[in-house]
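Look at the two complexes coming up: subunit A is in both, with subunit B in one and subunit C in the other.
Here is the complex of A and B:
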């Protein structure tokens, strides 16, 4: 027992923060793309749950974590397909459909899990970490940041890939136009629905991957409602990040720290009721919204289905 | 060449319409329209609001499909299925409402539309833009954000976009409606240079003078039908005045030299009568984007029409809002029938008979998604007899609304139609009906005919004259000097937030006002 600022405590806190941040990061990046393109994707919580469940099932039966990530992403895409069909193609209300998808997937994954695993509650083996030479030797930080599963590094790399897409590619231009002025994109000869569908499906893939990470790497098992609002936190992150992927990363890390305080405090032997600590991330959301929410600039056509010829 | 009823297809036509009909629920937007569009010509489509101009453009640009008839491109019948298809056929459209993404730069906007997996070809674009702008003699800030450009600049960008995409036909839909007079002249010159390069231009407008000044060929639309065409040979033979009168003949079926000119009836105002509205030393603090007001003073007597002339943005809107109670004042007094009202709220001022007709008809004047009927009573929400104990009295509202619709000739499919679906002229009628209702004593009109077509402009002016004739005090704010000269008893000139002079509207008022507006003493 060496107190709050011992190396063990900080290291555990940071390691937990990164593990907790990755699903938020993936969800936030995914949501950001949807929102950029003008689709408020409330169904992302459902996509994460689908990803968590199918990701776990995939990894459990195949024994391969990577296959699990693949099935997880596939699960997210499947839910996103429904969302894209209903909200982008048919133009139904995005909020209503999003909530319906989330509630539906909460029920469905809990039910499937109950039938399959309720007696056994199987766990996956601990994940392999990729140790980055030299950097992993740094005290505290090295242990926390540079001894992670490969997918963690890939998720961080994705932040920069997204930044590149938004700023340097045709797709980035099209996405932004779809969200800010879809009619302009339409008369430029680009199918708005297709552009938005690409965004929603990408969101699905990233959210599904985030869910799979949560189950397979974070927890090592699937339990009903495992996402516990991670998708919704992703929505908050995307809104506060003002279209910039790097800010999603910072936000995700901040929330990750809050989330991992629970475990870290137990490691340090400090006893605060866990219920109080579990409130922390949501308290942080409220504080951040109060501080920065006013400056969040959202795309002009966010949440509005595009219909040609309607002003 | 057949001289039969149907249009003979000419090889020179880039695009031809044959008997094109388009119906919407309740209206025939286009009724069997024939049109020939040729390179090297500015083809003006002239018509009032609701004449079917925009629908015609919608079909040419692939946004809508005709119900009957056919569209020929290079002599071949073809269905233009999407905006992308229209672009591929060489038809570029500059829509009435700017179709640029405000958050992107000019270059990024021009690059929109490339295949999504490719990287934007910025260098290629820059070279192409340089080539086009040099030929046209315009400059475009490629790396400025669109939201930072003026509307005129944005329009140039849209024309440029059509050129970058190798359009052979450029459609300009009401492109002058948002421009300053200088911007309009520049657009006219630009169109001339474009047709000289062999482009075909379709120019849509409801302003006769622009049609006569910029066109080579004019087609006149009325209630969805093409009622006449002036071909280039005839166009060249006639003088501008003769063209205008011929168009008026086509549009209204009656001869008039200048439809907007009308004699101001001689009216007598009792000079001795106590002023209905007295404004004394009114001041408003300037804001970031608007000038303030400096010691504004004037009186309006019953039955008097006081005009406020001036170049837009010199404090007109601030004055109207300060009087209506929508904007805080720094000092000064406003008296209605001798009673100070400057401390009263918007609602209390209205209650006492001060009415304000905003120039922002859809933004501030009406709730676009609400039905026409409710919009008549927006400023009485909660008040009897239309609301009782907080409950809407539908029957009462509809009864009174139906009455107002008749009285003010509001052309609406039904009382339940969302007001935003009506044309500008009809929205203005709703506002007029609302503000001139019971108890009005002083009425402020801010740009009452801005953006309206001729028929509605004339109707609105008549309403305003009638208002004054009923013995109300009228303040008419307008940037249209002709309008003020044709209606007002006195005209004050506003410049930079202060009234620089007031002129009796007799004799050489025009030149006096002109001198005041450009900063010389009357």
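Here is the complex of A and C:
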């Protein structure tokens, strides 16, 4: 058993947990903003896939990881534009369009990958890490938490930036109002559609970035359907967090640890099917809900398109 | 979500004028369905052109293999069976205002239960009784699986989108665990359940390869439609869906109705899994997940939760997926293009409905 709890093993486990958590964190934060503004964004899985594919292609051809993140976020925004146009401007059913976008992007990214790379799966070189002085010297935690790619730190910083936006800025208030009582926001002279569009496009950017991280940093390659439900996990995280960005971070880390545990167990040669470990985070959350389940505080106008003058 | 009024096509047209109106209505509906589909095919055709595939050849294969060839249409009709059950389950849930997004987990657990029980039952009882018992157990397991989200929603007000989504992740993993560890067929090296012999499966219709599950699926969705539109129970559920607070004031037992809705919806999803296994697949392989549920959800919305319209859309979905699969094989396009095609069809249908609605509004005003 000493091998299982050795310093190397533990820090590898934690490192993997952080890597697995970042895409979920970005997706969760993005979904949270959409939901706050009253748009149930089920297309987030498609936005992540667009981000993963374009992010990988961008990084692969340019050789720059940062350009990859940029194209990934751009891919997410492109899908979000369609969503904003159809669901916010025109007011089509968000669940129909969201699922249609997810299905379409699943197919489209797999199709493009096929025509571009055929059956080969080229890999990106290993990523550079930013070592934080002093802190990275701490045993176990230092190796795992403070020797990550710069974007990991930025993603964590984003949690607090989001918290600030929601609590302290006009934009945060507008978003909240767009989700809870859009008519009131309209009366106050602020364009509901514009506010919601901002939220959906931000979701697209964050989800695309999360997808690009998943492909470029997490896996180092793109395979069709690489997100494998990460977007839906983001929706779960956003709803569980009840509007608080910090809770998304905790949730993402919980799921990240369990995902990382799956790989670590296999490496350690412990013969538990991965499916059992994959069930753990969901079991934990369901038990928590059964024990402490309270009325979820979702925005009142969630999922309802806003049309001026209609009761 | 509002209660839809009983669709005009379902109203009994007694006098001649009403009959004319109804016919025009049906013509209009057909136009509003076929037009967008053609538009979607053109858009998807541009994508095919862009990747260097002849769209006409592709659609030719889709049409031939999905609709016109005897084998193709039989496969299409067979594929409809589980989709119809899933759609029926979603109609109940959505009309009652409950977002059961956990259809895939319920489907898989129903499938695994049926696959585990049927080969055991056929050894001790006649095949028809074994099939019925398997169906009942599959339905019961799926119902049980929905109990936690149902109770949480009924008594704690926990949003069912989160809980059913999580239960579907859990259910998918649990189904895999069961197949790999508990009910694995010892006779094969591949992780899968014991295969139900073809002669013990659901009978095929006449001399075709169409499964009789199709009839069961049709019966299920029509029953659901009639119960939701013509009975007091259905009306109660629709009231809960339209305004849960008003439903409480009207003296309805909302928690009990909530649990009933989840049980019916999940039970039908479980039956969908069972009908796919007992009629077509015969066993469950590890990591098998057709994810039908995700495609059926938008279909039910586009049908406005109307059972008869849903049958039409499910048929369309089956033609596209069966035809797309073989067209992809023939032309060397990955099968993933079917997903793109279905997605474009869904979006354009939704758009067309909006434009039609707007046009009617401006004409009335």
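Note that in this section the second predicted complex is superposed on the first by the 287 of 311 C-alpha atoms of A that agree within 3 Å, B and C clash if a C-alpha of one lies under 4 Å from a C-alpha of the other, contacts with A are read in each partner's own complex, and residues count from 1 in each chain.
What we mean here is this: a contact is a pair of C-beta atoms (placed from the backbone, for glycine too) under 8 Å apart; a residue touches a chain by one contact, two chains touch by 3 or more.
All values derive from a computational prediction rather than experimental measurement.
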Which of subunit B and subunit C A:282 touches, first, second, both or neither: second
Subunit B versus subunit C as contact partner of A:195, first or second or both or neither: first
Subunit B versus subunit C as contact partner of A:273, first or second or both or neither: second
Of subunit C and subunit B, partner touching more subunit A residues: C
First, second, both or neither for A:119, with subunit B first and subunit C second: neither
First, second, both or neither for A:183, with subunit B first and subunit C second: first
Doubly contacted subunit A residues - partners subunit C and subunit B: none
Contact footprint of subunit C on subunit A as seen in their complex: 40, 86, 90-93, 95-97, 99-108, 110-111, 114-115, 224, 229, 232-233, 235-236, 239-240, 273, 275-276, 278-279, 282-283, 285-286, 289-290, 293-296, 298
In the complex, subunit A residues that touch subunit B: 168-171, 173-174, 176-177, 180-181, 183-191, 195, 198, 300, 308-309, 311
Residue ranges of subunit B in contact with subunit A within the complex: 58, 61, 63-64, 82-84, 87-88, 93, 95, 97, 99-104, 108-109, 111-120, 161
Of subunit C, residues touching subunit A in the complex: 47, 51-52, 99, 148, 152, 156-159, 161-163, 165-167, 169-170, 173-174, 176-177, 180-181, 294-295, 297-298, 301-302, 333-334, 336-344, 346-347, 350-351, 354
